[in-house]
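What follows is a pair of complexes built around subunit A, which joins subunit B in one and subunit C in the other.
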Partner chain A sequence: MAQSFKTLLSEDKATTRTLLHEAIPITGTIVSGTYDDENIKYFSHGMYEAVYDYPYLSSSANHIFDITCGYASGSDFQDSSNEQDTKKINIYNQMAQVLVGYDVDGAIQQFDVDGNLGGGAKMTSCYFLNFARLLVKDEIKKNSFRFDFYANNDKTDAFDPDARDGKVTIGDYDAQTEYLTNSPAGEYGLLYTSSADPLSDGESVVGHVYYQAGIVVLTSSVILGGIPTTETDGTPLVHASDTGSAQDGFESLTINENANAIRYAYDNIDFNNTIELNSTIYFCRANNTEYNYSSNPTYLSDSEIIVKGNNPTANPVSYITTVGLYSPDNELLAVAKLSEPLKKTPSNELTLRVRLDY
Partner chain B sequence: MAFLDNSGDIILDAVLTDAGRKRLARGDGTFKVTKFAFGDDEIDYGSYNTSHASGSAYYDLEILQTPILEAFTNNRSSLKSRLISLTNNNLLFLPALVLNENDLNEDTQRTEDGAGNPLSSGSFLVSVNANTNTDLGEIALIGAKGYIVGNQILKKGVSRYIRVDQGLNTTKLSAGKPLSTELTERQYMIQIDNRLGTINDFKNQGSPAFIDDDQIATYYITMGVGNYVSVLPPGELDGGTDPMNGPAGDYQVIPGPRGTSLQFGIGASDNLKSSTYLFETIGETGISAPGPSATFSTINTTVKVTGVTTGYTLDIPITFVRTST
Partner chain C sequence: MPYYKFNKNEIFYNTIKAHPKVKFDVNNNNIYFNNLNIHSGAFVDNITHTEVGSLSLYELNIDRPSDSLIYPFITKDGSFEALQGVSKADYNTAFQLGDVITGSYPLSASLSRERFAAGHGTTSPTGSHILALKNTLNYYKPISNHYAFSSSLGNKEIQELTLLYIPSIFYGSEIKKGTVDLKFYISGTLAGRLQDLYHNGELIQTDGTAYAQANGSGSVAGVILYTEGVAVLTGSWDLTEDSYDFGDVTRQGDWINFAAGANDGNTDVTPSASFEIGCEGTNYVETLTMFAQANKNNLNYSTNQTYIDYDSYQSKPILTGSAQYTEGLQVQLKNTVSSSFYDYEEKFKHQTFISKIGIYDEKKNLIAIANVATPIKKTGERDFTFKLKLDM
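The block that comes next holds the complex of A and B.
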């Protein structure tokens, strides 16, 4: 009986899991500069601002990350007279709920500097960088996150890129073996400078990177000097801190103005994302006796097989360009195309490996 | 779709079809790959040159250089022609599907193209309602060849129908013997746009096995189930009639060994019977035919017949017609 379909047996199928990584560089010129802030989207609620890789009104713009900030209720910076006090508390609590979770009494836990929730210093006022799924994909690769920024800026001048100073690089160094798992949002690593030794001093940590959530939490003390920033209409602002920290900004600036301060301190972010590919591989085997004829209308001339050249004893020949995967009721579910025709004759056998990724 | 880069290693570009994605999204377990087939859609075997001066190594030089397109995601656009497995490597002929229009009663013929009537365009004309039958009667198309009553299921001969014969379409072999069992089709697949029409065996309307995301209904027709498939009798052609079956019997079109014959009627969908919407969106309206005051709307489509065993396909042109009255 002639056949054009061949049943896939259990040994003709295999499943695999592969982790792919892409390098994601986000340069400072995108975050502030190139597009004259037309790629920064503000919202009327003022809870966060969104950064796009192109002016966001364009259909080709991609959302890349959000910036926001907040502090814990009752923390040093918190005061009911502060600008957007309630919203800053809301943001902190929201992020802490998701990333740190609750204690045994159901209270929201605060971000712990060294990740040991049992005690030690807490990060009670934080900046948050929430990366889009487009960049993070399934997760950020451990020990790949690096953030370059200017920590010690001139606090007396109006905003001027040239006034930025004190460039530092923080990263999740050694996180491939030193990451933490006590977050309800998955695994996270500690952010610190390469020269720091947080495992011994327990104090030099300046933030966390949550790998699966794609969120970076930075303590407000990463900003050591003044906070040159702008209002949402671009008006320059300089907020000098009496304490030499970001306290002044957290108290008197809006969330968006604090986010702008981070954008102007920002120099570069690099990380590798991770894509988990689950694949099914179908081994489509053509034995020597199979698939040597074709139903292609050009295969016949008045029912006579052209490639035989009127010689019945000549071997039939066919050419494979396409593999179709079918359901039991013969509906075409997937198609694979070869980059060039493969010759099939009774003297050869072929196994084509078709991989479907999910 | 672009061509695949064929300058280096052979690569395989695999995608889910739209139908595959739809089944995956349904989450009901219907996305299940159980079989595969190979296709050769881009290959023109006419380029196979068995008399190449440089020898047999050059016979398929042009074929092997054929650039291959990237995979289409439309499930109807790929695997148009499949490779087939046959145990006998010494075959010189393969069967084809041929539209049989040799019936002397003109029951199975298409309308004549260029007959001076815009509705007569070389396709089968399917009326969608009784008014259309009446108006077509005014211009003597009712009862004329190629005209199928689509608003009800009628017996063969009362309405026209479609007949596809399978066999070796060659005069080099005698029709005195039947086609070998290995090459004889016992199951056919018929695909028709489900928005437009259905198929029937002159008694009952068929049930599609599935309707894909493009609203293409697939019917499986098996010999012995319904009145669709019959074995063709052997016998030499004689002026278009089959002497083995008598003058009013089966008029044959296959000059060589014959396999089976598929015969079916076309019905109009309820959409076409009750609404002009599809005629206005995907058809042509305001067509004046000589004679009647009515104008007509038409939708041109094709019905695809595939032999499940050999994979051979045949596209049959169909025109659904509706009167304005």
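The block that comes next holds the complex of A and C.
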């Protein structure tokens, strides 16, 4: 029981921020193939599909990410006769307004390839991967995102793993220092390919990863070959009416079928997340002449301090077991317990470091 | 969009007290929690990677192969932060600043048991576990003398006893008094039953075979620490006439051998014996209840574009220029009052359809949105009170 209070001064208080991380591997076995698509949830609106790590009817299943796609109004792929044309435009606009924002005239800005919104090439048709907060936590760790996928698939052979080719790894290389901040959704990094350049025009930026939002935007041109896919009922669908390319997919396939094509091309995603632990540390200092006495009823016997061992001239001794933190009104706010009692005598001084996590 | 300020009678802070049921079954060295068995997956035998009867803290890594598990890591810096399982000595000596300290998932918890032989307080290396409860047990002495660490009823430092540990993740803040129910079965027959009949922590034998009841009906076989989640079982009278293998001893069944095989290191407990531990936990859920009032003659206008009559709007367009921004005067509102008659338009009335309520902080930052299941028709004659509840 506390008998004396000591005011914590400004030098006795410090705030810290510690970063805790988790390594998140999402293998292709989770995304397609293992559960006969019982871990893929489709919605009647058909605007995106959700991927779970286990058949989603099980209470154990965790939602891990959503896949969708869209294009800008007036872009090369866009045509009013396209499958789900309006929804694809709406998806693009929704993502763009949240991740890129508006220009001075109030128009939604398009995803810029190099992030310089002042000009340059735009990504007008994109795939979007929205990762669940369960995995992203506070943010994706910069320079940790790696996505392996097959960019050049045989359009004539749906869902034959041997028909997948052109494996590339894209990542936010060097993003620890090179990330961008001109997004209303926070910081983002550019996704580059580390293997053979999958893009015909030589451009190496293939998308963005938005760290705090936990969203990955991929330009449609990451897909070089055909886009074998399935309908939502699992029926294999090799879309080869024209070229079987990503453009053909954006024009003639539904959003879910395009998302299934991404799942087919998917091989592996790895990233690390970040959890910020904000703490306040109180340094509780017990000087040599302080806290050597206890108001505990068992401390005294016949008005004598028991631990003195019947020697009135001996120094008082106490054992510190608990530190209480009080408000200015002397209301007990928090209690810190020691794992074992600390002996306190006039010959020693202690500094107890009390950490409060938020 | 109008703003209204909640007055003091429209905001309530409440605490919901919930009592989740908890049931463990122990049989043949296996523990089952709430009748759940192993759930096998495509890659692993148990999708949660935990023993049956355990709870996984974050429930990540569902059905993941062992080479692709999510795991936590932290970089050693000056904050003294580390992950579970890293000792202070290892932290100081095995890791340099900048080194990555890795942990592993899942973090799991389950029922466990510890049996103490007679004289354990001084002879057993785990004797400190019961000694550590000395102050706690004595603290509850005013509730029942059976809590006393040492009294005429026995000395827990040296008497033979068993501790059952129930992690708090199962029961929350405390075990609800009066709900503890321990059942000792032999070959499916109830040999003995303990209950905290008087809500004072005493575990009293209330049921069982005639043999067991003759030996200990109404006797106190132990105590339960409601807040700490520990049962101290000291009842040593025989519950069975025959002897059984309880792992570390073979003898007639008694309460000291209750829950043998529950994470206690015993692997050869007789399959005939099975045990049930039932209780209810206590969870406190803080809730914020807000009453949003939509009074008569209020909220009868919308800033939604579709609230304006389109033809009227087109005929009186907004004029903009370098020196002006002028909205069209007397743009008509759309009459949304539906008529029951064919080809007849009802007389105009102000009416809106409330579809959502936004909650703002004092700086007018939108912090929460409540959606109603179906839009509510609001007219000048109607007033509504929307009850919004937020669990914290």
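Just so we're on the same page, the second predicted complex is superposed on the first by the 251 of 358 C-alpha atoms of A that agree within 3 Å, B and C clash if a C-alpha of one lies under 4 Å from a C-alpha of the other, contacts with A are read in each partner's own complex, and residues count from 1 in each chain.
The rule is simple: a contact is a pair of C-beta atoms (placed from the backbone, for glycine too) under 8 Å apart; a residue touches a chain by one contact, two chains touch by 3 or more.
Bear in mind the structure is a predicted one, so any value in this text is a computation, not a measurement.
The partner that reaches more residues of subunit A, of the two candidates subunit B and subunit C, is B.
In the superposition on chain A, A:L277 contacts subunit C only, with no contact to subunit B. In the superposed model, A:Y35 lies in contact with subunit C only, and not with subunit B.
By the touch criterion stated above, A:M47 is placed in contact with neither subunit B nor subunit C. In the superposition on chain A, A:L19 makes contact with subunit C only, not with subunit B.
By the touch criterion stated above, A:D302 is placed in contact with subunit B alone, subunit C being left untouched. By the document's definition of touching, neither partner reaches A:A121: not subunit B, not subunit C. Using the contact criterion defined above for the overlaid structures, shared-chain residue A:A185 touches neither subunit B nor subunit C, since it reaches no partner.
Using the contact criterion defined above for the overlaid structures, shared-chain residue A:N62 touches subunit C, although it does not reach subunit B. By the touch criterion defined above, A:T27 reaches subunit C but does not reach subunit B.
In the complex of the two chains, the subunit C residues touching subunit A come out as 39, 41-43, 47-48, 59-60, 62-65, 68-75, 77, 79, 81. Considering their complex, residues 4-6, 10-17, 19-20, 23, 30-46, 48, 50-51, 59-60, 63-64, 66, 68-73, 75, 78-79, 81-87, 89-96, 168-172, 181-183, 189, 209-210, 212, 218, 256, 307-313 of subunit B touch subunit A. Put simply, subunit A touches subunit B in their complex at residues 1-8, 13, 280, 282, 284, 286, 289-300, 302-313, 315-344, 346, 352-356.
Within the complex formed with subunit C, the subunit A residues making contact are 16, 18-25, 27, 29-30, 34-35, 53-54, 58, 60-62, 134-135, 272, 277, 279.
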